[in-house]
Amino acid sequence: MSTPRITLVNPNSLVKVTEAIERAVAPYARLPLEFRCLTSSEGPAGIQTQAEADASIAPMARLFLREAAATDAFVVACFSDPGLHGLRDLVAAPVLGIGECSVLTAMSIATRIGVIAIAGASIPRHLRYFRAMGVADRICGELALNMKVSDLADPQQAFLRMEEVGKTLRDAHGADVLIMGCAGMADLRERLEDACGLPVVEPTQAAVAMAAGRIFSRS
Amino acid sequence: MSTPRITLVNPNSLVKVTEAIERAVAPYARLPLEFRCLTSSEGPAGIQTQAEADASIAPMARLFLREAAATDAFVVACFSDPGLHGLRDLVAAPVLGIGECSVLTAMSIATRIGVIAIAGASIPRHLRYFRAMGVADRICGELALNMKVSDLADPQQAFLRMEEVGKTLRDAHGADVLIMGCAGMADLRERLEDACGLPVVEPTQAAVAMAAGRIFSRS
Amino acid sequence: MSTPRITLVNPNSLVKVTEAIERAVAPYARLPLEFRCLTSSEGPAGIQTQAEADASIAPMARLFLREAAATDAFVVACFSDPGLHGLRDLVAAPVLGIGECSVLTAMSIATRIGVIAIAGASIPRHLRYFRAMGVADRICGELALNMKVSDLADPQQAFLRMEEVGKTLRDAHGADVLIMGCAGMADLRERLEDACGLPVVEPTQAAVAMAAGRIFSRS
Amino acid sequence: MSTPRITLVNPNSLVKVTEAIERAVAPYARLPLEFRCLTSSEGPAGIQTQAEADASIAPMARLFLREAAATDAFVVACFSDPGLHGLRDLVAAPVLGIGECSVLTAMSIATRIGVIAIAGASIPRHLRYFRAMGVADRICGELALNMKVSDLADPQQAFLRMEEVGKTLRDAHGADVLIMGCAGMADLRERLEDACGLPVVEPTQAAVAMAAGRIFSRS
Amino acid sequence: MSTPRITLVNPNSLVKVTEAIERAVAPYARLPLEFRCLTSSEGPAGIQTQAEADASIAPMARLFLREAAATDAFVVACFSDPGLHGLRDLVAAPVLGIGECSVLTAMSIATRIGVIAIAGASIPRHLRYFRAMGVADRICGELALNMKVSDLADPQQAFLRMEEVGKTLRDAHGADVLIMGCAGMADLRERLEDACGLPVVEPTQAAVAMAAGRIFSRS
Amino acid sequence: MSTPRITLVNPNSLVKVTEAIERAVAPYARLPLEFRCLTSSEGPAGIQTQAEADASIAPMARLFLREAAATDAFVVACFSDPGLHGLRDLVAAPVLGIGECSVLTAMSIATRIGVIAIAGASIPRHLRYFRAMGVADRICGELALNMKVSDLADPQQAFLRMEEVGKTLRDAHGADVLIMGCAGMADLRERLEDACGLPVVEPTQAAVAMAAGRIFSRS
C-alpha cells in the first residue's frame, strides 16, 4: 500500500499562509502520510468577510477536482470552512474543515470553549456556523484580536494581543479550552498554552488528526 | 419620489423559474413598487445540491453589483438563500432571502411549521440553515416531493404529490402552517391551502413583503 | 377592490401612545392601505407588569370583535403582544403582534439582536416570550432604560439614555441590530440608528409590513 | 402556629372540575394543611383555546385578591397555568401552576416525558409554554385524547382512550413518565400507571407538593 | 399507616455536613414524616472534583441497599447528585437529588436562576449537569465563592462572600432567584434572602418537598 | 523518541470485549503507536444500566493510576464513557471517551446522526449524555437492537438486526451517518456500511484517531 496523501488547501491566495499551514502539520511528519499543502491561487487575497469566504469556493472546487484522483483526504484550511458541505458532494474522499474539526476537538478536551478570532467582522459568521453545527452552547465566548494588519504581521505584537484575549476568555467568559480561530498561527500555539494555562487547539492540526482517522479506519 | 424598485434574482439560469417568480409577485402589483425579476444567466441550471448553491453565488454577486445603483431592495429568489450574508456585505440596499423570509413569516402565522422540499438531498442543507438562523425548534418536519423531473413538470402530478406531503406534515408531524420550500410554485399556493386546510407561505411573496417594509419604513 | 384596512390597537388606555403609533405608520402612507389606530380605552393605563399585560386582553378582545367585520389585518401594538394567540382564535383576519414582528424583522437584518426595554421588570416577561417563540438564541442582550416617568417624558433625556443603552448592547453584547422594545418611539428611530451606527427596528413598522404582506399575497 | 392554607383555584366555572380537584388533593389530607378548592365562577365554562385561557385570568385575579389575606400558597388548577406570572405580581404568597409543577415533577422522575392532552387544539399552546419554561427538550411527545365531550364524560371510555394514548407515547415516542395534561383526572392516575407500566404525574398533586415545600421551608 | 421515612444520605464522610443537613430539614418537623440523615462514612472527605463525585457512588449504593427496606424516599444530599440515575435503578423507592430538585424548584419561582457554587472547579460539572437536565437556558449565571477552606469555615466570612456573589448574580447576570449550590448552608438561607432581596432556594429543602410529594400522592 | 502508547481500557470484565477492541484498533497498526488494550477485571460483567456504568468507575480509576506513567493517551472503551471527566482529573495524559469521540467524528461526516444501541435501557442514559455534550440536536434518532443475549452472540443474527435498525434510522429518521453505540462491533462496520449505504462510525476507531491527534500535535 502506498503512502496515503492528505491534501490541505489554503482557500486564499497568500503563499505565506500556505507556508504557515505547512509548519502546522510538521509535528505529524512521523505519521505514514504525505501532506500536500496547496494555495488556491485564484482565491481572494484573504478571507475576512462572508463575501470573501463565498468567493473562495469556486476556485477551490476546481482545485479539488484536479487533485481528487491523487488525494485520500482533503482539508479546507480556513477557519470558516468555505464550501465544506458542497465540496463533499464533489469528491469521493473525506473532506474535513479546520473550523469544524477544531471545535469538535476542543469538545473532547474541556467543557467551555473560547475562540480567538482575527477580526470582529468574522464573529457573526462564526456564530451562524457554530449554530449550524449545533454546538453553539459549547462556545462560551469569541473575541477578536482586532489589530491593524501591520501590527498583526509582527509575531510578538500578535502574540501579546492573543495572550490578552485568551486570558479574557478564561477569566471573564470561563473558557477552559481555547481555539485559535484561523489557519497559520500554529507557531504560537504552545506559547499561548503556557501563557494562559489552558489547552489551545490549532485548527489545522485538529483537522489532520481527524483526516488521518478517516483514512486509517478504512484501510 | 420615484417608484422604489425591488430586484429579484433567480440564482439559477432557468428562465422558466424566473417567469414563475414574476407570477409570484403579481399580487403585489397594487403596491407603489417596481418589481424587476432577473435570471442569473451564468448560474447553474438548477440548485439542488450544496455545490450548486455555492456555485450560484459568484455570478449572482456580479449581477448584484451591476444592479445596485438602481435597486432599493434585493431578493435572492432561491429557498437556500445562497450567498445571502455575503451579498449583504456587497451592496448598500437591503438583501432579503426567500428561505429566511418564508420561515420568519410562517413564524408569525402559527406554531409548528412544516416544509415541503423538492428533493430529499436538500433537507440536510435546509436543516443546517434553520439551525444557523436559530429557528430549528419551530420546524416540526420537512419532507420532500422526491419526484422524477418529468413528473414534477406536470403541474397536476406535482400538485397531487404536494398535497400528499402537506397532509402528512399536518397529520403525522403536527404542522399548522406550511412552507413551499422552493421558488416558482406560487401558482399552486392557494389550491394547496384549500386542500390541506392550512395556511401556506410562498417564499417569494414573504420576501417581497419584508422588502417592502424595509423600503417604506425608511422613506 | 376597496382599500384594505389595517386596524392597530393600542392595548393601554393612553391616547398619547396611540398618537405615537399613528406617527409610526406615517411612512407607510404611500401604500394603498387604510390605517386605523385605536385606543383600548378600557385597558390598563400602561403595560409594564405581566398582570397589566394580562388585564389588557379582555377589553382588547371586545374591541377586536367590534372591528372584525371592517378589518383586513389587526396589529396588537404593545411589545409584549398580550393575547396574541388567543385573539387569532377570535377573528378571521390575520393578527400580527409588534413584539413578534420586530424580532422576526430584526432576524432578517443581522445576526445578533439587542433589545432596548423601557423597564427592567419587563425583561423576564420578554425572555419567556422570546423562548416561547423559539428565537431566544438570536437575542444577544436586553437592557432597560429604567428611567423615572418624568425623565422618560422628556424626549431629549429619553433619547440620550436610549443611545447609551444601544451603545452598550453594541459594544458589550455584540448587537448588530437593535429593537426598540415598546410602541410609540418611532420618532427616535432614525436618530438612534445614526447615533449607534446600527439598524434599528421600530416594532409597529415591522408589524405593518408583515400585515401588508398577508393582505396583498391573498388578493 | 395555625394550619397553613393552600387555596386551589379552578379557573373555569365548572363545579364538577372543582370537585375532581378536591379528590386530587385528598391523599394529602395527612399533611398539616388546609386545602380550599374554589371555582372561579365568572370564568369561562371550560378552557381549551388560548382565548378561553386568557379570558379566565381577569376573574381569577379578582378571586386571588379576595383570598390573599387568608392564603399561604395559591395553586392555579388548570394545565395551561393561565395568568401564572401575572398572578405572582398580585399577591405576596407563592403561586404555583399545575402545568409547570407537573413538568418539573416529571423531570425528577425520568428522562423522557409524554403528555396526554384532552384536545389537540391545546397542543400548540402547551408547546409554546414548554418552550417558555425552557423544558421543551424534555417532552418527547404530546398527544390528545380528541374525544367527543359525551364520550369523555364516560370514565370507562375516557380511561381506555387515555391508556391507548399513554401506550403510544411509551412505545412510539419513548416516554418513560407520563403527565395527565389537565386537572380533574386524578381518579384515573393509579389505574393508568398500572395499565402503562409507567409513572404518571397528576398535575394538581404535583403543585400541592411544591406549594407545601414553599410553605414549610419558610416556617 | 406508620410514619413514612425519608432517608437523606450525605455522600461524603464529613459528619459536620450531615449535621447541617439535619438542620436544613428541621423546618419540616411539622410534617408526618421521619427524617433519617446518614453519613456515607466510606465516601470521600468532600466532593469538589468530578473524580470525588464519582468515587462517592459505590459506598452510597451499598448504603442505599442497606436502607431500602425501611425507606419511603431517598435524598442524595450533594449538589452534584452523584449516581442519581443509577441509584434509581437500585431501589424501588423514589430517589431525589438535591441539585436537580433545587433547579426544578427555582424554576417554579422565577425566570432567571443564579447559582452560588463553593468552588470554581465545580462549575463545568454543574454546567454539564444542567445541560443533561435540559434546563441550562434557565441558568443565567453560576459563580463560585472560591474561598480558602479556613475562611469558608467562618460563617460570617462565608456569608459576606455569599452575599457579594449573590448580588453580582442579581445585578450583572439578571438573576431573580438564587440557588445555594451545595448542601449544608441552610442556616444562611434566610439571611441571604434578606441581604439580596431575592428568593433563595436551599437544595435539601427543595428535595424534601418533592420527596414528600412523591410519598403522599401515592398513599 | 520512543513509540507513544495509547492505553485502551475496557471498563467491564469481559475479556471477549477486550479482544474485540483489539480487533477494532488493528487498522491503525501502520501508525507509529503502541496500543495496549486492558480489561478492568474488577469492573462489572457488562454495562447496560446506569448503575453498572457507575460501578465501573472506581476499578477503572485504579487501573488508570497504575498505567499513567507508561501511557501517552487513554481511551475509555465503553460507549457510555463512564467516569470520563473524573478520570481526566486523575491523570495528566489526554483521556478520550469512545462515545464522545464517535459523536464528534460523525458530526464531521454528515448532518443527521443515527445511533444503534444494544439495549433500550441505555437510550435515556445516552440521551442525557448527548445533552450534556450539547450535541443532542445532531442526533436524529437512537434505536436499540433489543435482542436476547443468545441471539446477540450469533454474529449473523446480530448483523441482520443491526442492518434492520440502521435502515429504519436512515428511512424513518433521516440519518445520513450511523454510529455503532457500543464497543466491540468493529468487525461488522464495513458490512453495515455497505448494507445501509451510509457511513458508519465505530467508536473505538474514532477515539483512537482523536487520541493520536492529541499525541502527535504535541510532539
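Lettered A, B, C, D, E and F in written order, each chain numbered from 1.
Going forward, contacts are C-beta pairs under 8 Å (C-beta built on N, C-alpha and C of every residue); 3 or more make two chains touch, one makes a residue touch a chain.
Everything numeric in this text was worked out from a predicted model, so none of it was measured.
Note on connectivity: the fewest chain-to-chain touch steps from chain C to chain D number 1. Note: Cα superposition of chain D onto chain E, rotation of 180 degrees, nearest 5.
In terms of the distance between Cα centroids, chain D is separated most widely from A. Set side by side, the interfaces D-F and A-B show unequal numbers of C-beta pairs in contact, with more at A-B. Chain centres were defined as the mean of their Cα atoms; on that basis the chain farthest from chain C turns out to be F.
The centroid of the Cα atoms in chain B and the matching centroid in chain F are 42 Å apart. Here the CA centre of chain E is 33 Å from the CA centre of chain F. In chain C, 124, 128, 131, 133-134, 137 are the positions where the chain touches two or more neighbouring chains simultaneously.
Every pair of chains meeting the contact definition is listed here: A-B, A-C, A-E, A-F, B-C, B-D, B-F, C-D, C-E, D-E, D-F, E-F. Within the complex formed with chain E, the residues of chain F that make contact are 49-55, 57-58, 61, 83, 85-90, 124-125, 128-129, 131-134. Remark: chain D residues 27-28, 30-32, 94, 96-97, 100-101, 104-105, 107-109, 133-135, 137-138, 202, 205-206, 208-210, 212-214, 216-219 touch chain E in the complex. For chain F in complex with chain B, the residues that touch the partner chain are 110-112, 137, 174, 176. Those residues of chain E that touch chain A in the complex are listed here as 123-124, 127-128, 131, 136.
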